[in-house]
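Structure, as structure tokens:
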Amino acid sequence: MHDYSTQELMIIAAARQIADGERIFVGMRLPITAYGVARLTHAPNAVGLFESGVARYEPADGMLYTMCDGPNQLGAAWTTGLIQIMGLLSGGRVHAGFIGGAEVDKFGNINTSYIGDIDDPKVKLPGSGGAPDIAAMAERLVIIINHQKHRLVEKVDFVTSPGFLDGGDARTQAGLPGGGPAVIITDRAILQPHGPNNEFHLASIHPGHTLEEVVQNTGWDLKSMPDVGETPPPSKDEMDALHHIDKEGFWRS
Amino acid sequence: MHDYSTQELMIIAAARQIADGERIFVGMRLPITAYGVARLTHAPNAVGLFESGVARYEPADGMLYTMCDGPNQLGAAWTTGLIQIMGLLSGGRVHAGFIGGAEVDKFGNINTSYIGDIDDPKVKLPGSGGAPDIAAMAERLVIIINHQKHRLVEKVDFVTSPGFLDGGDARTQAGLPGGGPAVIITDRAILQPHGPNNEFHLASIHPGHTLEEVVQNTGWDLKSMPDVGETPPPSKDEMDALHHIDKEGFWRS
Amino acid sequence: MMVAESCGRGDGTINHHKLTSLAEAIAGLVQDGAKIVLGAALENAVPFAATHELIRQGRRDLNMIAPISDISTDMLIGAGCVAEVTGAWVGNVSGGMGHNFRRAAENGQPHPIKINDYSNFTIGMAFFAGAYGLPYIPVKTILGSDILKSNKNIRLDKDPFTGEPVALVPALKPDVAFLVVQRADKFGNSHIWGSTGLTQEASIAANKIIVLADEIVEPEVIASDPSRVLIPGFGVDAVCHVPAACHPAPLIGRWQRDNAFFHNYHKETREPGDFDRWCDEWVRDLPDHAAYRAKLGGQLEELRILGDAPSAPANYATE
Amino acid sequence: MMVAESCGRGDGTINHHKLTSLAEAIAGLVQDGAKIVLGAALENAVPFAATHELIRQGRRDLNMIAPISDISTDMLIGAGCVAEVTGAWVGNVSGGMGHNFRRAAENGQPHPIKINDYSNFTIGMAFFAGAYGLPYIPVKTILGSDILKSNKNIRLDKDPFTGEPVALVPALKPDVAFLVVQRADKFGNSHIWGSTGLTQEASIAANKIIVLADEIVEPEVIASDPSRVLIPGFGVDAVCHVPAACHPAPLIGRWQRDNAFFHNYHKETREPGDFDRWCDEWVRDLPDHAAYRAKLGGQLEELRILGDAPSAPANYATE
């Protein structure tokens, strides 16, 4: 076994997606922890955005259950309205956003709305929140999801948040600005779009996992990028930063 | 002579256009004084709106040169943005607005933009400010202007702020909500729209002025309403309220 | 806020106080079938006290409009009050899915609901248009999403300037907006701070506004800082003094989030019968919010914010 | 605020202070031909210090964008800096017409200007669209006005939902916005209070933001009240400490309006030669705003607000 958990590896992988000075739609839980790690390591000037109307320079000091909790507002850079914060996104001023979902497909389209038929759904999921806006407008999108065959699917039942739609230039044809999904981080691997069709390919496999296992747990015929390798394990600096934030070891198991 | 000035009579006539509980776009100078008189007499619950982003229950305590001056903001009901205040207008939530102009025509259209040709104007006036928005959207518009032949004209050179446009139902045809101009208060008389054509007619003549004089100083063939009479002079209560506001007698001469 | 049709003369409400009980405000201002905004700040300042009172008074066929409603909408669905849900997200931020929402959407239990999907930004634009008299707003942030298929109100069109695709989001005008504020005076003037989500736009777009004030203060307190006023007091129809009206959601500087309460709700409402028991215990069997606070007792007191982190003063002096 | 194109990695400006002189800020950030917002609060907080510096540095062919600019735009026109005026009103609120504006529009002196007419609400919508990534906004408030004839950018169209007439106002994106704030920290975080006109929308719509701070304070002061932040500090490109940058316009809680100065400007700029003399005396012959303040001397001190009318505190404590 490693001296880090799978979730810790995912957090570190997510943190690496944030560059210094960027404005990021952070969300809660795993991504906000990744944002904290990035701030403490390579991205001390990253700004965290929260769609309820909050922007922060420093991650909150205190446990957050939601982005609206007091610790996320005390000492914030800005507490304002949703339009002001999400408008930055609409105005093309946001570098990246993190989102999860119940299903993602091979073109990075995400479903958080309906499993089955819209008019008679098998499962009614909670809905979109601001994810479609983030997926449409951020320079790039980072998708976090557990690697299971029913979650990484050939085609989502409902495109809540657009990736590359039907692949190729379909996203541009639909009138969408923003670079689209740049990476899918799972508990087994990292996937990235590759080739003119913008289909997600295997980019790296987490230490301890195998190609066969990853392919078997993917709902489409997953192809590998030419240089597929092992996901770089967390560095000591990265793990120190994470442990500084996660003092109680919430992500350790 | 009377125990009130012409300007004082105009202020009182304007104050009578404000009903209790109404939300009014007030503007500066004569209209804001009229608003003060209305508040102190028959309209204690009128709310004054200022397009820079101010709403007030009480008129300012202190001399105002502009709506943005400190005394208009101290103790205000709301200091906010232009969109929030003018949006009330756009949303159909404003009862009346006061505006002036360089020219008004027989259908109550107002010009504060160009005298002469747009591309080679004889006089370039300062422009519209928020007057078009007020004229378009307020339930009714009160126009204040000096009664001179070159100011009350057959047809304005440029419709900055729409009245009844070409008359009849032209205003409605243009897609305009809001009731349009309800009254023109001049230093000689009061005019109101009358008949299906919505042309402004003489409604009352100020004490000391004559029909002949009013007609001669109007740039269109001014017709009289059936019941044209004398503008009611200020009451003692009205004058007391005005003198309470205008302690230095600015409007007395 | 009053609509154009009610812009009659002499409503004369400004100098008359609007303080009333929440029960009276809802009885007087909320009809069956109404379009309701029950908090638009997302996960803080949710007017749960009004959620309870709507259930107690048995309102039916409501259209609940909000970007994100946490468990407020789920409770109203379970209690049979809701015909339509208009918004971006319904669930339990702490616990996951909302069981009542799922039951209604998947099986029509306790009755079917119609869902009008929006994203957060597009419902923001719908409120903005409703507030400020714009017929619709053209947006790009919903392009490519199947929300354009599920919500027929949003229309795909071409930008007449460029020919590029745009989605036209029509104005939304709720009948009644409830909002929780930190402090208000008896005339409806109020102060709000912290993130506000769509509170301003949703309230101004609404026909009627009901303010739930954590504290009632003298008018001078509100007037000392007119830039902290989010919605104008002259548009407010009722002011209700309801401390901790937000519970279990937080209110900045006043109340912490009661995360355990959200978790318990999730566990205790898994089956329809479970929800009915929960709802009897926490809503129907209690006469009002004061009884709810009394039932919470020490659990609520532990959430009360006692610390002080004051804003730097702003000076409005004129000379 | 940075545009999408400048959204590169590693700009890393947040933890580096942005304090600079106004001369340096303008030299570095304002090009000839730029689209400039010089204050968007209407008649308060007008950044006259920046007006002067643009004249001193001899900027040319500017497009001045503002709802109402008082005499700021008139000065720039007289000094030959302006090619276009985009807005709703240009003049002298205290004195009447702006002589330079009239001369330029009527006789092409000192040179012709192009005028892009808007009403206050429509320019507000143009900034709103520019700020928040909307291609255009459909409005009704400009219907029937000949502004639809004089400004070809605004397009008359039909509401596709109802067939009713609407005017489509396209987004406006200025190159640089200047704004005056009561206090800022060295990173560009700031507090503004009192009415703000279109300050927020115009600044966020702009590519670059230059803040003129009446006072520089510790970051903790701004962070004590994040709801009083109007534009985010992370979007600000330069912070200049310029007390009374607004003179002769007022700044709430700081400076009264210098009405006599506006009147004198009106009298003393009646003829082109008059304006040149005025401009030499008050702008060109002075090295910077400190010299302008020194020249005003006691006249400025009389306008300084010494009283105290503080806002009631807001508490942001979390427990």
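We just call them A, B, C and D in the order they show up, numbering each chain from 1.
Following the convention adopted for this analysis, contacts are C-beta pairs under 8 Å (C-beta built on N, C-alpha and C of every residue); 3 or more make two chains touch, one makes a residue touch a chain.
Model, not experiment: these values are computed from the prediction.
Common neighbours of chain A and chain C, listed by label, are D. Rounded to whole angstrom, the centroid-to-centroid distance between chain A and chain B, based on C-alpha atoms, equals 57 Å. Inter-chain spacing, taken between the CA centroids of chain B and chain C, is 39 Å.
Note on chain placement: the centre of chain C and the centre of chain D lie 36 Å apart, centres being C-alpha means.
The residues of chain B that reach two or more other chains are 54, 69-70, 73-74, 79-80, 83, 87, 89-90, 137, 177, listed in rising order.
The set of chain D residues that touch two or more partner chains comprises 125, 133-134, 139-141, 164, 166, 193-194, 196, 200, 227, 252-253, 256, 305, 309, 316-319.
Counting only pairs that meet the touch rule, the chains in contact are A-C, A-D, B-C, B-D, C-D.
Remark: chain D residues 41-44, 67-68, 87-91, 93-94, 97-98, 101-102, 105-106, 115, 117-122, 124-125, 128, 139-147, 149-150, 164-166, 193-201, 249-250, 252-253, 256-257, 259, 262, 305, 309 touch chain B in the complex. Note for the complex: chain A touches chain C at residues 50-54, 65-70, 73-74, 79-83, 86-87, 89-90, 113-114, 118, 121-133, 135-137, 158-162, 165, 171, 174-177. Interface of chain B with chain C (complex): residues 19-23, 44-45, 47, 54-55, 57, 62, 69-71, 73-80, 83-84, 87-95, 137, 139, 177.
Per the touch definition, chain C reaches chain D in the complex via residues 125, 133-141, 155, 157, 159-162, 164, 166, 168, 170, 182, 191-194, 196, 217, 221-222, 224-225, 227-228, 252-254, 256, 305-319.
Per the touch definition, chain D reaches chain A in the complex via residues 1-4, 7, 9-15, 130-134, 189, 200, 204-205, 223, 226-227, 229, 232-235, 316-319.
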